[in-house]
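In the two assemblies presented below, subunit A is common to both, partnered first by subunit B and then by subunit C.
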Partner chain A sequence: MHEAPPPGRPVLSVRDLVVVFDGPHGPLRAVDGVSFDVWPNEVLGIVGESGSGKSLTMLAVMGLLPPGARVESGSIEFRGRDMVALPWEQRRQVLGKEIAMIFQDPMTSMNPVMKIGRQLAEAIRLHARELSRAQVQARAAELLALVRIPDAQRRLTAYPHELSGGMRQRVMIAMAVAHDPALLIADEPTTALDVTIQAQVLRVLRRIRSQVGASMTLITHDLGLVAESADRVVVMYGGRVMETGTVEQVFAAPAHPYTAGLLASSLRVDGPLDEAYAIPGTPPQVDARPAGCVFSPRCPVGGHRDLCRADKPGLHTDEAGHGVACHYSGETSAWVELSRRPSDAAVGT
Partner chain B sequence: MPVAEAPPVLLEVRDLHVEYRGRRSDPPVRAVDGVSLTIRQGTTLGLVGESGCGKTTLTRSILGLTKATSGSVVLRGQELVGLSRRQLRPIRPGIQVVFQDPFSSLDPKMTVHDVIAEPLRINGRYSSERVQELFAAVGLAPEMGDRYPATFSGGQRQRIGIARALALEPDVLVLDEPVSALDVSIQAQVVNLLKRLQQERGLTFLFIAHDLAVVRYMSHSVAVMYAGQIVEHGLRDEVFTNPQHPYTQSLLAAVPVPDPARRAERRGELVLEGEPDAAHPPSGCRFRLRCPRAQDACAQTTPGPAEASVSPTHSAACFFPGPA
Partner chain C sequence: MTRLSAGAAPGSSAGLHDTVAVDPSPLDVLGVAPARPAGRRRLPTVSIVIATALLCSIVALVVLAPLLPGYDPVTQHLDASQLRPLSDGHLLGTDPLGRDELSRVALAGRVSILIALAVVALNLVIGVVVGLTAGYFGGRADYLLMGLADLQLTIPVLLLLIAVIAAVGPSTTTLVVVLGVTFWVRYARVTRVIAASLREREFVLAAVTQGATDRWIMVKHLLPTVIPQLIVMGTFDIGTIVIAEASLSYLGLGVQAPTPSWGGMIAEGQRYLQTNPALVLVPAAAVFALLGGLAILGQRFSATYGRGGADLVTGRR
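Let's turn to the complex of A and B:
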């Protein structure tokens, strides 16, 4: 964990990224000027609700945007290479090797009619064609041991549907780290899992990541997951970065009203049991985003003010690396105090 | 908390068993294995458990959608198990359900007004005033009535589902993961709505969820289910602040907490090994193969639901209960 960015160069550097969709009335800016860095050996949490653009941002990094979406402007630099301009042939050499992905549901990213062992072998051989059959087998067994799959030999001959969700996700992690990637992109890797299984998979992921020495971006809607697994966090809303900083900075003293509201509305197993604060309204659809600050219609701090409705705030980062995109961020802490006042609406027993 | 007269029991489940038979040579899967629960009028019972624990089967058998193998479900003093479909018909409106995904449970070709009016029409109780009243109760604008479900957000669709379930003034509202598909900022809205409706109308909820945090906000009492059995049962604060069963404790410890300051402390906590296998439960206690406290006795006999009685309202199915 670090307070300021560590020395060296970022593994991944995204600047002013704009991703557009073709809509019936012209292009829609689904990702609207996003910038962040991923430093060596760190976990960057990208947190946001549906429609925030968090997944699209990372799909753009990988060059895997869905049909109809494209990078309109901005830059994506991975280990000194410009990923936007990189031809597909060269990008293919990067994906699955230097950048590896872990998705929410392994069932949709695995071949359902191919045995686990063969899929793992394919993932190994894809970027290491020189390996002999025996070497591939040995590497597959080694990887399964790394993710602590019990009875690994028997699992190699199983089909994906014969494994539990937790075991499938472990296989997915094994495939992802087959070539010691520099960057792991994990998109809601444990959302489909039960909470005790999630804890197991997170532990496996944490251990493996430190062994391989990979950086990771963890895309999730779960603030708890970010607080427990990430070093730094990017909070996205409506296609833009609202706030960024170390998890300590952002969770202990949220500077953006959206972050503060999200934390206040999170239901927790610890802490007070007052009536939960609920951010009013709903996140905007991509074709109905307001002018000015995209959060202003729901904002309890500055939303009613002309400046918020007219002018889109940029991300301002202080010396300690804590960035916030809000015209009135100085008023957020006072609002947090107010929202924490106990109410008398708690459930009685 | 003042000791008030406890409200009457509205729904009682007693020693309920549901078995699924596969191949003749295999033993039947005991999806629900001797479950007993009571829900008092105007309160919420939170039923929590992971996938495959049998909470859906239990709910379906309470609703009369899955046949119970044995046991009893009593609603307002009336036994429901063993009733024919025809005998159930007049009782059915008394239990209504709100499902996880409101979109899949709403007819896409019906306007929202008709979706909410349908149960009233079927029962000959339709009036447009009643529909308007339901719109207002769940915080939907009346002019939304002409629109179709697809044009609503997830949170609004869940409000529609709640309005429809309330239309016939049910005795018990079964809420089956009603907020788990919603965004964080919307979850709190729907939870607050449900709590307000309960206070205003004295509603009785059976709240089913895998998310302990949501259960904590919603429930007066809590039942924790594992492999077909209730392993711990008590008032909310009893279960959350003084859990006795090692499974409840592991479940609570596994929920991520949005507080980086607690990270180091939480990483030291126990991570439960293994996975439940509902189709092939071990002898004795069904949790014992994953349990850090298991001893020989746990393999010999199955602990009863009230094996450890902590208080008149709090019990755990464990031979070695106690704080973590």
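Let's turn to the complex of A and C:
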């Protein structure tokens, strides 16, 4: 794990990205000025609730925004290429080869009427048209062995529904790493799986990632997964980055009230069950976001202050790489202390 | 086809980028049902036996008749015209020009079936291309192509055929081409519905993230799902085309003499209906055997295919 950003250039560099949707009353900023870097060989966790813009950000990176959404401003640089301006044909050459995606639900992300072997073969052939049939088959079997699928030859002739969920997700991982990508985008890779096999699949994913030497963005709402698997983390809320830093920095000393609230709301194995904190209120809809800090209506620290209501805080990063977008981040630790005693926290909100 | 439209609905409501879309029956629309426990072995149903017998008799007729010693559909024997069926050397008798009726009905069957296959193939290709383009791209392409399909449907096919053939003159080529571009709308519609619902599926998005082109997705992911449905439709349509070709030939606009065709034979024999009904009944029975057999098998096929590649004959997986 990296204490400070490693040397070299980032694999992926997103700067001030704004993604807008066309709404009935003008454009809606679903992603509002997001910046982050993914460094070589690191795992970046992107954490946020549904609608925080985390998936949309990564779709923008791949150039696969849904109809009606577009990148309004900002830049996305992947290995020195401007992904926003890149023509479709060149972007297609990047997808699957240099950037690969792993989806949440392997059942829906595989063609149910196509045998595993054929789907794997296609993922291979898409960027290696020159390979012979035998070479493709050999590579497919090799990939299945890489993700520790036993009896690979038999699995190749199976249909997706004949495999277990964990097995299917491993096949998806095998497809994703078919061309040794530089960046893996994993969108909730274990959410659709049984709890018992999440750890297995995660182990496979981690091992493969380091074998291939790829960087990875792990999009999730599971803080435990991030703590366990990521080097650095970006916390998103309402289309903006709230806090960023190494996992140690963010989890041990959250500087943003939202991060602190998230951490306080997760249950601990060794703690009592009734002491979990709940962030009051609900995330704002994309068309009803407050003018100032997007978290201010729910913020236990600065929500009532005029500055928070009027002014969007920028992301301020210290020398250690710990960034936070909060006017009163200095007061967060005091609130954390307070919230550890549940009765006081209830009063505080 | 009702199964299809019912199954397509949940898929089409899920957005392309809706990563948490949970389709309750992702396999249903694609015709793959969960494995069924092996049941007891079932025998073919009576209708299957009849249909198979009818089709086999037609196939035997068109394939084997030319191998018989007396096969000669062209030579006229004016001294042996209008022989009744079961007469010496002519199992089904002879026509007014003394040509062997069995040989003629067999050759006519060949002609009719080959024409029907060519016509269905032409329509299938047009329908698949139009339907895939409209369904996968949607938007303006969909609007234009389906508008064209609607336009095609507003024109009475037989009238159009008569007009075109009257203008350019009747010939087998004209017949194939004209029929080949007039029956594609149903293929296009079915293809479009399947393509439009599959396009929203996550596995298509997954293929895009793997670097697939539009053509790749259409050919590798959409086409294999579409083709089985269209084959079922095609079997039905062979009957329709044979009827259409027979009708046109009956009107003298289709296959031209001396090449025999079932429709043409019925038209010629009609004059002798009172004296020698076999001249009409033999080709009519051949048309009936082909159409009846195809209709029953086609229906059975569409019923069992929906249950996931179940055995065609016994309905067993």
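Basically, the second predicted complex is superposed on the first by the 337 of 349 C-alpha atoms of A that agree within 3 Å, B and C clash if a C-alpha of one lies under 4 Å from a C-alpha of the other, contacts with A are read in each partner's own complex, and residues count from 1 in each chain.
Everything below uses one rule, namely that contacts are C-beta pairs under 8 Å (C-beta built on N, C-alpha and C of every residue); 3 or more make two chains touch, one makes a residue touch a chain.
These numbers come from a predicted model, not from an experiment.
Engineer: Answer with clash or fit: subunit B and subunit C placed together on subunit A by superposition.
Structural biologist: Here the two partners, once superposed via subunit A, fit next to each other without clashing.
Engineer: Which angle, in steps of 10°, is spanned at subunit A by subunit B and subunit C when each chain is reduced to its C-alpha centre?
Structural biologist: 80
Engineer: In the superposed arrangement, does subunit B or subunit C reach more residues of subunit A?
Structural biologist: B
Engineer: Is A:Ser266 touching anything from subunit B or subunit C once the two structures are fitted on A? First, second, both or neither.
Structural biologist: first
Engineer: First (subunit B), second (subunit C), both or neither: which does A:Asp16 touch?
Structural biologist: Once the two structures are laid over each other on A, A:Asp16 reaches no partner at all.
Engineer: Just checking: does A:Asp180 make contact with subunit B only, subunit C only, both, or neither of them? Give me first, second, both or neither.
Structural biologist: neither
Engineer: State whether A:Tyr159 touches subunit B only (first), subunit C only (second), both chains, or neither.
Structural biologist: second
Engineer: With the two complexes superposed on chain A, say which partner A:Asp82 touches: subunit B (first), subunit C (second), both, or neither.
Structural biologist: neither
Engineer: With the two structures laid over each other on chain A, which partner does A:Glu142 touch: subunit B (first), subunit C (second), both, or neither?
Structural biologist: It touches nothing on subunit B or subunit C.
Engineer: With the two structures laid over each other on chain A, which partner does A:Leu223 touch: subunit B (first), subunit C (second), both, or neither?
Structural biologist: first
Engineer: Would you give the minimum C-alpha distance from subunit B to subunit C, in Å, for the three-chain superposition?
Structural biologist: For subunit B and subunit C in the superposition, the minimum C-alpha gap reads 5 Å.
Engineer: Could you please specify the touching residues of subunit B with respect to subunit A in the complex?
Structural biologist: Residues 1, 44, 50-51, 153, 155-156, 183-189, 191-192, 195, 210-214, 216-221, 235-237, 240, 250-261, 263, 266-267, 271-273, 275.
Engineer: Which subunit C residues qualify as touching subunit A in the complex?
Structural biologist: 15-17, 19-23, 26-27, 30-32, 34, 201-203, 205-213, 216, 220-221, 224-225
Engineer: For subunit A, which residues count as touching subunit B in their complex?
Structural biologist: 49-50, 164, 166-167, 194-200, 203, 221-228, 247-248, 251-252, 261-263, 265-270, 273, 275-280, 282-283, 298, 345, 347-349
Engineer: Taking the complex as given, what residues does subunit A use to touch subunit C?
Structural biologist: Residues in contact with subunit C: 55, 59, 62, 64-67, 92-97, 99-101, 103-105, 107-114, 122-123, 126-127, 159, 161, 172, 175, 187-188.
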